[in-house]
Structure formats: C-alpha cells, structure tokens
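Input: structures, listed below.
Shared between the two complexes below is chain A, which pairs with chain B and chain C, respectively.
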Partner chain A sequence: MLSVENLHVRYGNIEALHGVSFTLERGEIVTLIGANGAGKTTTLHSIMRLPPPEAPRVTQGDIRFEGASILGVEPHDVVRRLGIGLVPEGRRIFGNLTVQENLTLATYARKDDSAAVQQDLGRVFELFPRLKERQRQLADSLSGGEQQMLAVGRALMSRCEVILLDEPSMGLAPLLMFDMFRTLKHLNEEGLTILVVEQNAKVALDFAHRGYVMDTGAIVAEGTSAELRADPSVKKAYLGG
Partner chain B sequence: MTTTTTTPLQKFTVPVLLLAALAALCFGAQSGMMNLYVQSVIMFMGINIILSSSLNIVNGYMGEFACGHAGFMAVGAYVSSILSVWLFADDAVFGTAVLSPSLAVWLFPVVILAGGVAAAFAGLLVAVPSFKTRGDYLAIITIAANYIVKSTIENVGAIGGARGFMGMGRVTKAMDASLPLPWMMIWVFAGTVMTVWLINRFVSSTQGKGIIAICQDEIAAEIMSVNTNKMKIVAFMLSSGLAGVAGGLFAHVLGYVNPGSFTIMKSTECMVMVYLGGMGSLGGSVLSAVLFTLLLEALRPLQIIKWVVIPLMLVLLMQFRPEGIMGNRELPQLFPKLKKFYKFK
Partner chain C sequence: MIESLFQNILNALQWGSFYSLIALGYCLVYGVLLLINFAHGDIFMVGAYISFFVVTFLLGNFGLIPGLPHWAVLALAVPLVMILTAGVGVTLERIAYRPLRRKGAHRLYVVITALMCGLILENGNLALLGASRRNFPALVDETVITVGGVNMTVLKLAVIVVAVLSFLFLRKVVVKTKIGMAMRAISYDKFAVPLMGIPVDTVIVFTFVLGSGFAGLAGLLFAMTYPVLDPYMGAMIGWKAFIAAVVGGIGSIRGAFAGGFLLGFVEIMVVAFFPSTFRDLIAFTILLLILWRKPTGLFGVARRTKI
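Let's look at the complex of A and B:
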C-alpha cells in the first residue's frame, strides 16, 4: 500500500535519512522504533509532504502510495485524496477551539453533507466517550490523555485509511497508554492501517505485527514483532537487556 | 452539534434595532439636526469599523502581523475615485462624464466594489510571499507593500501625484441632485454592515476555522487537510479588499485624496484599533473603532499633543490589558444575557 524506497532526505545541508526503505501493507500495524534522532519523525513528515520549516527535502529515492509516487502531492491532498492521516508528536491540537470544533475542522476539505460529518463525529465519540463529555470545552483545558484522544479522533475524522502515529505514548500514564493502544488495535481490526513511531520499543512491539528498527537515519533491522523481540541486538539496545 | 432553534426575538432584535438606529442617524443628517462635523465623525466611525474588522482577519484570526493596511486602502480609494470621476463627472484630465451623472446614485456601490476588488488583487502582493514567510519577516513585507503603493501613486502625474486627486465632490453632489438624501452616510452604513456581516459569517464557518487553525499551528492545519496557501490568499484578499472598500468610502466622504493620507501612520491607526479591541474579536474591533474615532475627536483640542497622549494610552493598554478590551471573546460571551436577544454561533 505504502512503500518508501531508498529515501534520502536533507534538512538544509544535513542529510537526515540515508536510504530508508520499508513497506506498509493494507490492514497492517507496523512500527518504526529507534532512539532520539534516528529519523523516525523525519520519515513520517516526509510521507506527509509537510511544508517548510518542517520540510525534509527528498534528494533521492521515492515514496509510493498504491504504486504511484506521492513526492509531488501537497500535504493537504495527502490527507484528503490519499487518505493518510497523521497524529503528530506533541498532539498539536487547536487549543483555542472546542473539542467539537477541532473534530469538525478535520472534515474541512470534505464536500459531503453534515449528516456524514455527524455520523463520523458519533463514531469518534463512541471510541472516546471522554471526548463526548467534553465536546464543548476548549481543547486547551483537556488533560494530556484526552488531548491524545482528540488528536487521534481528529485524524479519524478526515476519513483516513492509513494513520501515522508519532509517539502516541509520549506523556501518557501507563494505564492511559494501554487504553489508547487497545482502541487503536480495535480500529485496526476494523480495517485501519497503522504506522506507529515509538521510543517505547516494548509497547510498540507488543502492539505491532511487524517492525523496523531505525538508527541514525537508516533501517538497521526488520522483522515480525516476535523476531525483533527475540533479536539479541535489539533486545540489548532497545528493550533493556 | 446541537440544533438550537432561533426564536423570533433572537432573529429580529439586532437587525431591527440596528436598522432603526441607522435610519435615525440618516434622518438626523437629512433634517439638519446633526451638523456636518457630527455627520463626518459618524461616517469616519463606519470607515474605521471596516478598517479594523478587516485587519482583524489577518492580524487577529490568522495571527499574522500585517502593518500595511493603509496601502490597500489607498488602492481602493484611488481606483474608485478615478472610476467615479471618469464615469460621472466632467474633469480636466478625464474629459466629460462617460455616463449621465444621474446614474451615479445607482452605480456608486459598483464603483466602490471595483475599488475593493482592485485592492484585493493588490493584497496578492502580500499573500504570495506569506506562503513561506511568517511573523516579523512578513511584517516587513507588508510595510514594503504599503510604501510601494504610496510611492507609485505619488509618481503618477495623471492622477495628481503627491498633490492628490479630487473631483469626487462633484459625484456626491450629482447623487444629491438626483435624489436629495444623505447618500454618503447611507453608503458608509451599508458598507459597514455588509463588512461586519461578511466577516462574521466567514470566521464562524468551517472555512474560517481554517484560518484560526493556521494561526495556531500551520502544520497541524495542513494535516487537517486545510490548504494553507489557499486560505492565506483568501484571508489576505478579503482583508485588503475590504480595506479598499473603506478607502473608496473615505475618498468620497472627504472628496479629496492624497497619498499622504495612506502612510504607515494610517496603517498604525488600523493596528491600534485591532489591538485595542482585542485580537480575534469582531465585536472588539467594532467597539474599538467607535471608541478610537471618538477619542481622536475628543483629543482634538490638544492638537499636536494628541499624538503624545494616544501612544501613551497604547503603552498603558499593553501594560495592563494586553489582550485588548474584549480579549478573544465576543459580546454574548461577556454578557450571556444577550443571548436571549441574539443568536451567536
């Protein structure tokens, strides 16, 4: 479905990715794990084709979605036309809009009627009942966990088929984190394809079907979650012995 | 989204009151109860409301720092003045009137809108650089745009250059001659009401929420499928177009324009009104435009000292109430009882 091929990416003069390749098939959960600065977020931003100043410039390689290169696609079209959604690191919700406004904003480019929007809204509220309770509150007043729910809900509102999650566990209490992953797993069973970037390798490998390990801008290991969990070098570097 | 029904009280109170107030003012002008000075202050209030609320789109809702509003006002003022003089008045430069001056009454809004459209296109001068430039750097571009417009006008001899352009007085006289009503006041009111209505509709729409999203986080807006470049163009063109409408009205109220009226000083006045009222508050912009106009007039006896007192007030405002009079809120949020009379999204 989504394939990244020999991707080289630069920020100014610094090359951040030196030939990253991986694939994501429909219905899969794939994780990219690795330490700080490995290039995980850069990879996601490259897929989303984000504009400056976040823009990583692709110097070599290709990103293909259903076989076609998406390097020339504008970011808002990546969301709308290709149906790839991003839950960014640090959530980046709109604090001075209400929860409901945040969610409806994601239907921004959709031309369909408000009944369909209402239906999607209902679905998100079903997944995250907390958001329903707080739908009229300003998003700033939500707790960290609720904000993460809102960020995921917002991505779902854009009717994406693939969701890219950037550090969904960051700043969440363990219980909330497990809740979040359980909901995501449920969404995956309903057909959502998930690419998740995590520093918390243990949780990520428990959650994903397959994984890639990144280090300083390159993929250093890949395999199913079980294989990676058993890999001695991955164990040593990322799973604490 | 809960669907609340609108009661007739909510639906009609504000429009009826507004219409009555404006009609009363027009009657006052018509019957001579208000002298010309009071009339002109009221008209400047209207023009200032258009200026501050339109600048609020960019500076408040979108969170940019544009300080060249007077430049777009100048474009609107000159384009509509030249059009109206060319069409409806005998002039030394443009020759005899193209159309009968009696048509001026009916075609005047078209002339003003043409000025607005021209100003909207001038707004592209700022909108296109804004794709990749934000904050202080964009502010510098807007100042440059203001100077480009002003200097261009100063150097075109055919429209009077630095001496200015006149003849709009003959057009307003022609309107009076065909139907004796306080026409300029009516047009200013129409322009003001239309502007506030349009901006209110715009910012409470999902489209408009896209602009608020850009203000908060451009990247997050993009991943919400907001075409940020397109929204920036829309916001800048709407803002500068409405400034052009204000400029056209301004020129016809005065009957004379010169480039000196559209310096960075005028742009600063617009910004003062926006920040005084509160960023991202339409009600605040209207309120502060009214207050600011009154303040300027009240301080007129101080003459040149006025421009010491007003900036000083601004310093105090920023010290003690940096969010402006209304902050980010609208009137019904400050006075919930008003909701009974007016439905606000």
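Let's look at the complex of A and C:
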C-alpha cells in the first residue's frame, strides 16, 4: 500500500535519512522504533509531504502509495486525496478551538453530506466518550490523554485509511497509554492501517504486527514483532537487555 | 451643549468607522499569519483610487460608456471596488509574502517586506498618477439633515451602518464558518493545518481577500466623505488604524472594531475640548495609558501554549 524506497533526505547540508526503505500493507500495524534523533519523525513528515522547515528535502529515493509516487503531492492532498493522516508528536491540537470545532475542521475537505459527518462524529464520541462530555470546551483545557484522543479523533474525522502516529505514548500515564493502544487495535481490526513511531519499543512491539528499527537515519533491523523482540541486539539496545 | 455632545458622538462614530474598517483588515491578517501587514493602510489608499477610477468610469466621465444614474454607479462600485482592492491584497500576498513564507523566513523580514510594499504602493501611485490630488465626484445627495440640533448626512449614517454590518459579517465568518475555523487554526498552529486536509495557502488568500476587500470599501466611503485623494492618504490613517487594532487587542475582531471606534472617540473628543493641534498628542497619550494598564489590548488575551 505504502512503500518508502531508498529515501534520502536533507536538512540544508545535513543528510538526515540515508536510504530508508520499508513497506506498509493494507490492514497492518507496523512500527518504526529507535532512539531519539534516529529519523523517525523525519520519515513521517516526509511521507506527509510537509513543507520545510518541518520536513526536509528528498534528494534521492521515492515514496509510493498504491504504486504511484507521491513526492509531488501537496500535504493537504496527502490527507484528502490519498487518505493518509498523521497524529503528530505533541498532538498539535488547536487549543483555541473547541473540541467539536477541532473535529469539524478535519472534515473541511470532505465533500459528503453532513449526515455522514454527523455519523462519524458519533463514532468518534463512541470511541472516546470523554470527548463527547467536553465537546464545547476549548481544546486547550483538555488533559494530555484527552488531547491524544482528540488528535486521533481528528484523523478519523478526515476519513483516513492509513494513520501515522508519532509517539502516541509520550506524556501519557501507563493506564491511558494502554487504553489508547487498545482503541487503536480495535480501529485496526475494523480496517485502519497503522504506522506507529515509538521510542517505547516494548509497547510498540506488543502493539504492532511488524517493525523496523531505525538508527541515525537508516533501518538497521526488521522483522515481525516476535522476531524483533527475540533479536539480541534489539533487546540490548531498545528493550533494556 | 447637549446638541454639541450628540454632534461630537455622531462625528466620532463616523470617524471611528473608518478606523474600524481598516483595523479589521490588520486584525484578520495578523490573526492568521501573525504578520502586521504594514501595507494595509496603503491598500486602503489604493482602494480609494480604485474607487475614483471605477466611479469616474461608471459615471461616463472617461467617455467610454454612457453615464449611469448615480444609484446604479454606487450599486456597481461597491462590489467592483471590493473585488479589485481584494485583488491588490492577494497580489501582494502572492508576490511578496508567500515566497518568504515558503522559504521559512523569520517574521521580522516579512514585516519589513510589508513596510516596503506600502512604500512601493505609495510611490508607485505617485509615479503613475502624479502628485496632483484627485477630486472624487459627488455621488450621493449631501443635503444636511438636522435632527434636534444635530447635523447629519445620509452618507455619514451610511458609513456607520456599513462599519457595523462589516464587523458583524466578518465576525460571523470567523466564528461560524469552516474557513473561519481554519483561519483561527492557522493562527494557533500552522503546522497542523494541512494535516486536516486544508490547503493553507487558500485560507491565507481568503484572509487577504476579506481584509483588502473591506479596506477597499473603506476607501470608497472615505473618498465619498472626504473627496480629495492623494498617494499618502493611507499612511497616517493606516498607522492609526493599526494602533487602534493593537489597543483593541490585535487578533481579536471585536477588539479591532472597538479599538477603531475608541480612537475615533478619543480624537474627536480631544478636539472638542482642546486646540486641534493637541489632537494626536493627547489621543495617543490616552492610548498609551490603556496599553500600559493592559498590554494585550482591550479584548486581547496573552497567548498560552501547552506542550
């Protein structure tokens, strides 16, 4: 479905990714794990085609979606035409808008009728009842966990088929984190394809079907979650021995 | 005495209306881009000149078309002037601000660019049309109506009504519509907006259309009220409208509107009680005191960010 092929990208004179390749098939949960600065976020931003300075310049390689290169696609079209959504690191919800406005905004580009939008809104509220309770509040007033729910809810409202999650566990209490991953698993079972980037390798490998390990701008290991968990070098570097 | 008070209030409302209409444009662009568009006062000036040419053309004074009746000229001039002035604003955005934004330039450079754009508009106008002032043709009946000792004209009242309606319209757009939500979202976090499937540039262009369109409307009304145009007419009123927007709380539609009227009131009332040469001195001292008490302006809130 999505394939990243020998991707090289640069920030100015510094090469941040040196030939990253991986694939994501429909219905999968795949994780990219690795330490801070390994290039995980850069990879996600490159897929979303975000403009500089958020995303660096692709100098070599390709990103393909359903076989076609998406390097020329504008970021908003990555979302509305290709149906790839990003839940960014730090969530980046719009704090000056209400919860409901945040969710409505994600339907900006949708051409279908308001009944369908209402139905999706109902579904998001069903998944995250807390958001329903707080729908009229400014998103700024939400707790970290609720903001994460809102960020995922937003991606669902834009009818994404593939969702890229950047450090979804960051800043969440363990209980909330497990709740979040349970909900995401449920969404995956309903057909959502997920690519998740995590520093918390243990949680990520428990959640994902397959994984790739990144280190300083390159993929250094790959395999099913079970394989990676058993890999001695992965164990040593990322799973605490 | 009481008549003169009402007279001053009416004058202040009218004078404040111009500040408000221009301040709304500053506010919209600032609200979305955090850019103080210092060319905005000059866009107002260009709007007044566009009004001059559109009205002269429609009256048949260029001899290109047979003249239309005055009501038809006015009915056509309003949308035409707004569209054409919006075009000027959008052009500035396209050729001056967008390239800088694409390169990720610091906001300071964009503000300097805005200042330069204003100077280019002023001096471009001077080079193109010469230094001689233009007299705006009379369009509406300027008979003075006196109600209870207070003098007014239809135009004076119309200016106030238009300013209020423009404010209500812009507020509705920003608060209720999806594109208004997108405008507010951009001001909060430009990064996350494309992730909602929203083309950021389209929203920014729309913002310039609104701001410049209403500056054009202000230009038309101003030219009708004070029918002498010169290339520098936008500079001072633009600065003052910007100050009005800051005092109101820049970024807040309500603040820009209130700030414009506040400045109008302060100026008119100062002149009512002091020699008119003191006007700007006292007016701006008062505004300074307001900012001193409330640095974010009347309706502004300090920006909070949550990580």
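Here, the second predicted complex is superposed on the first by the 241 of 241 C-alpha atoms of A that agree within 3 Å, B and C clash if a C-alpha of one lies under 4 Å from a C-alpha of the other, contacts with A are read in each partner's own complex, and residues count from 1 in each chain.
FYI, a contact is a pair of C-beta atoms (placed from the backbone, for glycine too) under 8 Å apart; a residue touches a chain by one contact, two chains touch by 3 or more.
Computed from a predicted model, the values in this text were never measured in an experiment.
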Quick one: on chain A, after the overlay, do chain B and chain C clash, or do they fit? Just give me the call. clash
After superposition on the shared chain, which partner residues are touched by A:K40: those of chain B (first), chain C (second), both, or neither? neither
Now for A:N96: first (chain B), second (chain C), both, or neither, which partner does it touch? both
Classify the contacts of A:D140 with the two partner chains as first (chain B alone), second (chain C alone), both, or neither. second
Please work out whether A:R210 is in contact with chain B alone, chain C alone, both, or neither, and reply first, second, both or neither. neither
In the superposed arrangement, which partner chain does A:R154 touch: chain B (first), chain C (second), both, or neither? both
Go through the superposed model and pick first if A:Q118 touches only chain B, second if only chain C, both, or neither. first
Note: overlapping chain A surface for chain B and chain C spans 48, 50-52, 54, 74-77, 79-80, 85-86, 88, 92-97, 101, 104-110, 154, 158
Residue ranges of chain C in contact with chain A within the complex: 102-104, 178, 181-182, 184-185, 187-189, 191-192, 194-200, 304-307
So in the complex, the part of chain A that touches chain B is made up of which residues? 48, 50-52, 54, 74-77, 79-80, 85-86, 88, 92-97, 100-101, 104-110, 114, 118, 121, 154-155, 158
With touch defined as at the start, can you tell me which chain B residues reach chain A in the complex? 1, 132, 206-207, 209-210, 212-213, 216-220, 222-228, 328
Any idea which chain A residues touch chain C in the complex? 48, 50-54, 74-77, 79-80, 85-86, 88, 90, 92-97, 101, 104-110, 140, 154, 158
